[in-house]
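Here chain A shows up in two complexes: once beside chain B, once beside chain C.
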Partner chain A sequence: MIPEVFAGGNSVIHSIDPRIKVVSALVYSLVIALSNSFIILLSALAISVALVMAAQLDTREVLKRLTVLWGFILLIWMLVPLTYPGATLFRIGPLGFSSPGVFLAAQISLKSTAILLSLMALLATMSIAAMGHALGCLGIPDKLVHLLLITYRYVFVMEQEYQRLIRAMKIRGFKPGTNLHSYQSYAYLVGMLFVHASARADRVSKAMKCRGFTGRFHSLRQFEPDPRNRLFTVFMVFIIILLATVEVWIQTIHS
Partner chain B sequence: MVFLIPELSKFFRIDMHISEGVLNAPVLISGAALAIAGTAIGLKQMDYDRVAHVGVLSAAFFVASLIHVNVGPSSAHLVLNGMLGLLLGWTAFPAILVALILQSIFFQFGGITTLGVNTILMALPAVICYYAFRKLIHRSPMLAMMGSFACGFVSVLLSALLLGLALVFTEKNFWSLSGLIVAANLPVMIIEGIITVFCVAFLKKVHPEMLNQEIS
Partner chain C sequence: MDSDNTLINLKGVSYRYPGGKTVLDQIDFKFTKGDRIGLVAPNGSGKTTLFHVIMGLLKPSSGTIEIFGKVRQKEKDFVPIRHRMGLLFQDADDQLFSPTVIEDVAFGPLNLGKSKQEALDISRKTLDYLGLNGFENRITFKLSGGEKRLVSLATILAMQPEVLLLDEPTNALDTSMKSRLINILQELELSYVLISHEFDVLSKTAHAFYSMEGGKIFRDDREHIHTHQHAHIIGRQPHKHV
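Moving on, here comes the complex of A and B:
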C-alpha cells in the first residue's frame, strides 16, 4: 500500500548529496510556481523530463503518478475555461470557453507537471532517513526531524496494524456500504488504530530512554565529497538563474 | 456542472490538497509563514518525551487517512484532522506537516511549494476544533455526541473554506470553483462528523486518558 519506489537506484541523481537535492528541488519548484510565461514553463518541463530521465526512474511508475495529477488537471480544464470571465475563444454547443480561462488552465497544467516531475527526480530519489539527516544539516529544528523519522518508521508498522484489523473485520463478514453500521465499524477501526499507536508510543519512548536517548539521532551515512556534487550544484544554479532572469525579463517587457 | 461534483470531490477530497502550480506567490508565502508559526508553537509544546508519542500518532493518522469509506456509488478518504486536533492540540501542526511531507515523497500528492498552505488547510481547523470542542466532548452524552459530530463536520468545513479562500485570494475569478469545492465536500463533512462521534465514544470507553490530556 505504501510504496517507496524511486528511492533505490544507482543513477547519477541518486548519488548526489541529499542536501543539494533538497535545496535545489525547493528553489527550482518555487521558480516554476511563480513563473507565468509559456517559454519558461515549457523549458522547465523539458528540464524536469531530463532530470527524470537522468534519474532512470521506472517510466510506468512515473506515468502512474502523473495520471493522478492529470485527473485533477482535467477538472481544471473542464471548470476554469467555463467559469472564467473573458472573451470567448471557442464554443461547444452552449458552453463557451473563455480565452483567459484556457490560458490559465494551460499554465497550471504545465507548472504542476513540471514541478511534480522534478520532485520525483530530486526528492523521491533519496531515502527518508537520508532526507531527515539532510534537513537536520540544513537547520530544520531537531525535534521536527525526529518527528519525521519516527513517523516514517511507524507508518509501516501502523499500516500492518491496519491490515490486521481490517482482515479481522473481513473474516467476521464485514461488507462496507453506505450505512451507519459501516461508518461505526470504520470509526472503531480508526479508534483502535489510535489506541494501539498510543500504547506503542509509550513502549517506544521507554525503550528509547532505556537505551540512553538524549535527543540526538546519529546517522551512519557520511556525505562523501564527490566531484559530481559540485557539477550538479553548478548545473542547477545555472538553470535556476537562467529561468528566473528570462522570466523577469519577459515580465518587464510585458508590463 | 452537477455531474462533475462527485468527480470533483474525489480530487479535492484527497486530504484537502492544493496541487502545485495553482496558487500565486502572496498566498504561498503567507501560507508558509503561518505554517512555520503554527509549527513553532506546536514544537514548543512538544518536549522530547512526547516526540515518540506524536510521531506514532502521526503515523496512525497518515494510515487512517488512506482509508476509503463508501458514499453511495462513490467513495471518500477519511480526513480526520478534527480527531487529530482533539488528540494533539497545537502539536497537530508538526504532526500534519510531517504527514504531508511523507505523502509528497511517497505519492507526490501536494508538493514543496504548497506544503505551507496545505499544512494550514489541515492543521488550523484541527487546532480551532481542539479549543472549540475539547470541553464539550466530556459533557452529558447528548452534548458530547453533538460536540464530536460538530468537531468532525466543522474541521472539514473549515478546511474546505480555507482551500476556497486560498483559491479566491490567488484569482478572484475562482469564486465559482471555490463554491463548488465546498459544496462537493458536504458529504465528507457529514461522514467525518459521524466517524468522529463513534471514534470519540470509542476512545472514551477504551482509553479515556488519550482525550483528557491537557496539552497547553
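Moving on, here comes the complex of A and C:
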C-alpha cells in the first residue's frame, strides 16, 4: 500500500488549490531541468528546501526519499566524470576525472534534488484523489484521469491477490530457483493475476452499471476560493520568471 | 405502478454460461412488494447468477423477465430500473471503487442526475442512518471488512431503491458487525432477497425461504426433522436439553 505520508497536513502549502500546485510544480521543474548555470540551480535548490519547510514535511521521510535518489546520483558520480571527454580536472591513480564530467554530474545532482524536493512539497501534499480531480480540471481527458484513480484504487487489491498466491505457493514448499519448474510456476502466477484482474474488472464494471453508470463520471469536488491561492500563484510565477530570465541572461552572456 | 404489487416476475428463465453448463433452468420466480426472502442454497447453485440476470447484467438464454410491471430485454430496458433495485455484491471491494467514502456513496445519486449539493446531502444522510458518521473522507480501501460492507450498503441505499438483492451480506463479518447489519435490515422498510448460509441471520431477517438445486428455484418453508450431534462437557452423564 502506498501510504500518502505527506498528503495529510495543515500547512499553507497543503491548503493551496491542487490545480495551482500541479501547474506550478510542472513549470518550476521544467525551468530547473532546462537551466545549466550553478547560481540558478543553487537558488532553485534553496527555494525547493524552503517549499519543503513551508509544507512542514517530516524531515526523516524527506531524507528517506532523497537517499533513494542519491543512490542513483552516486552511480552518476562514479561513471560520468570518468567517461566524459574533456580536460582532466584531477587524477586518482590511473583514473582521470574530466572537468566537464564533474560539472555535468554536479548539475544533475542539483537539478534532480531540487526537482524532487519541489515535487514532495507541491505534489505529495495532496491525495491521489485530489490530484486526479485537479488533472481533470486542467483538461486531461477523463479516461486518463479515471485510469489513474482506478489503478490507484485497485493496485492494492491486486497486490493482496499476488500475496495470497505467493503464500499459497510457499506453504506448499515452493522455492524459487533457476529451473524450468520455477519459471513455469511464476508464469502461472502472472497468468493467474491477469485472470483475477480481468474478473475483478468485470465485477467492478457491473457494480458501477448497477448504480446507474453510463460512461460519464461526475465529480463532487469543488475548489473553494481562498485568498492564499492567489498569493501562492503570484509567488510561484515570480520565482519561475526570475529563475528563467536570469538563466537566459547568463546563457546569452556566455555565448 | 403495477396494481398487483409484483416487482419481479421471472418466467421460464434459463441461463447457460457460454459453452458451459446450464446454471438456471426454466426458472419461475415471483417477488412482490413487502417480501423478505431468504435464499439458501449450496455454492455454485446459481444464486449470484440469478441476481445478475435480474439486474440485467447477464442476458438469459431464454424466458422473460418482468420488472416493475414491464418486460425487460435489452440493456436500455434495464438502465432506468437499476437504481430502483439495489444489488449488494459479495465482495465489497468490487463495489467501492472511489478513493473516498463520500465520493463512492455520491456516485449513484450523481449518476441519477442529482446536483452536487443534493448528492452530498443524500450521501451524508445515508451514512448517518447507518451509523457511519465521520466516515466521509475515509479512504475506501483502508476500511475494515465490516466497514466496507456497511459503506457498500450505503452506496446502494443512497439510490433510494425499492428492492434490495443482498448477496451474502453477513459473510465474514464478526458477531457485532453482523448484529448491526441484521438490525439495519430489520428496520429498513424495503423488500429484499437475501442470500445467506447463516441460519441465525436468515431467521431474523427473512419471512420466506427459497432454495435452489439443479438450476431450479423452489420455496422451502417446511420444517425438516433433523438430528444434531454435539459435544459438551460431562455430556456422558444422563441429562436433558430444553
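The rule is simple: the second predicted complex is superposed on the first by the 248 of 255 C-alpha atoms of A that agree within 3 Å, B and C clash if a C-alpha of one lies under 4 Å from a C-alpha of the other, contacts with A are read in each partner's own complex, and residues count from 1 in each chain.
Everything below uses one rule, namely that contacts are C-beta pairs under 8 Å (C-beta built on N, C-alpha and C of every residue); 3 or more make two chains touch, one makes a residue touch a chain.
Predicted model only: the values in this text are computed from it and were never measured.
Looking at the shared chain after the overlay, A:Cys210 reaches chain C, while chain B stays out of its contact range. In the superposed model, A:Arg200 lies in contact with both chain B and chain C. By the document's definition of touching, neither partner reaches A:Phe103: not chain B, not chain C.
Once the two complexes are laid over each other on the shared chain, residue contacts for A:Trp70 go to neither chain B nor chain C. By the document's definition of touching, both partners, chain B and chain C, reach A:Tyr152. A count of residues in chain A touched by chain B and by chain C gives the higher number to B. Applying the stated contact rule after C-alpha superposition, one finds that A:Leu26 touches chain B and leaves chain C untouched. When the two complexes are overlaid on their common chain A, residue A:Ser112 makes contact with chain B while staying clear of chain C. Applying the stated contact rule after C-alpha superposition, one finds that A:Phe174 touches neither chain B nor chain C. Shared-chain residue A:His218: touches chain C; no touch with chain B. Residues 1, 128, 149-150, 152-154, 157, 200, 204, 208 of chain A touch chain B in one complex and chain C in the other. Residues 1, 127-129, 132, 149-150, 152-154, 156-157, 200, 203-204, 206-214, 218, 220, 222 of chain A are the ones touching chain C in the complex. Across the complex, chain B is touched by residues 1-4, 25-26, 29-30, 32-34, 65, 68-69, 71-73, 75-76, 78-80, 83-85, 104, 107-112, 114-116, 119-120, 123-124, 128, 131, 141, 143-144, 146-155, 157-159, 161-162, 176-178, 180, 182-184, 186-198, 200-202, 204-205, 208, 215 of chain A. Residues 4, 7-8, 11, 19-25, 28, 39, 43, 46, 48-49, 51-60, 62-64, 66-67, 69-72, 78, 80, 83, 87, 94-95, 97-99, 101-102, 104-109, 111-113, 171, 173, 176-177, 180, 191, 194-199, 202-203, 206-207, 210 of chain B are the ones that touch chain A when the two sit in their complex. Interface residues of chain C facing chain A in the complex, by the touch rule stated above, are 52, 55, 57, 79, 82-83, 85-87, 89, 91, 93-95, 97-100, 102-103, 106-108, 110-112, 116, 119-120, 139-142, 155-156, 159.
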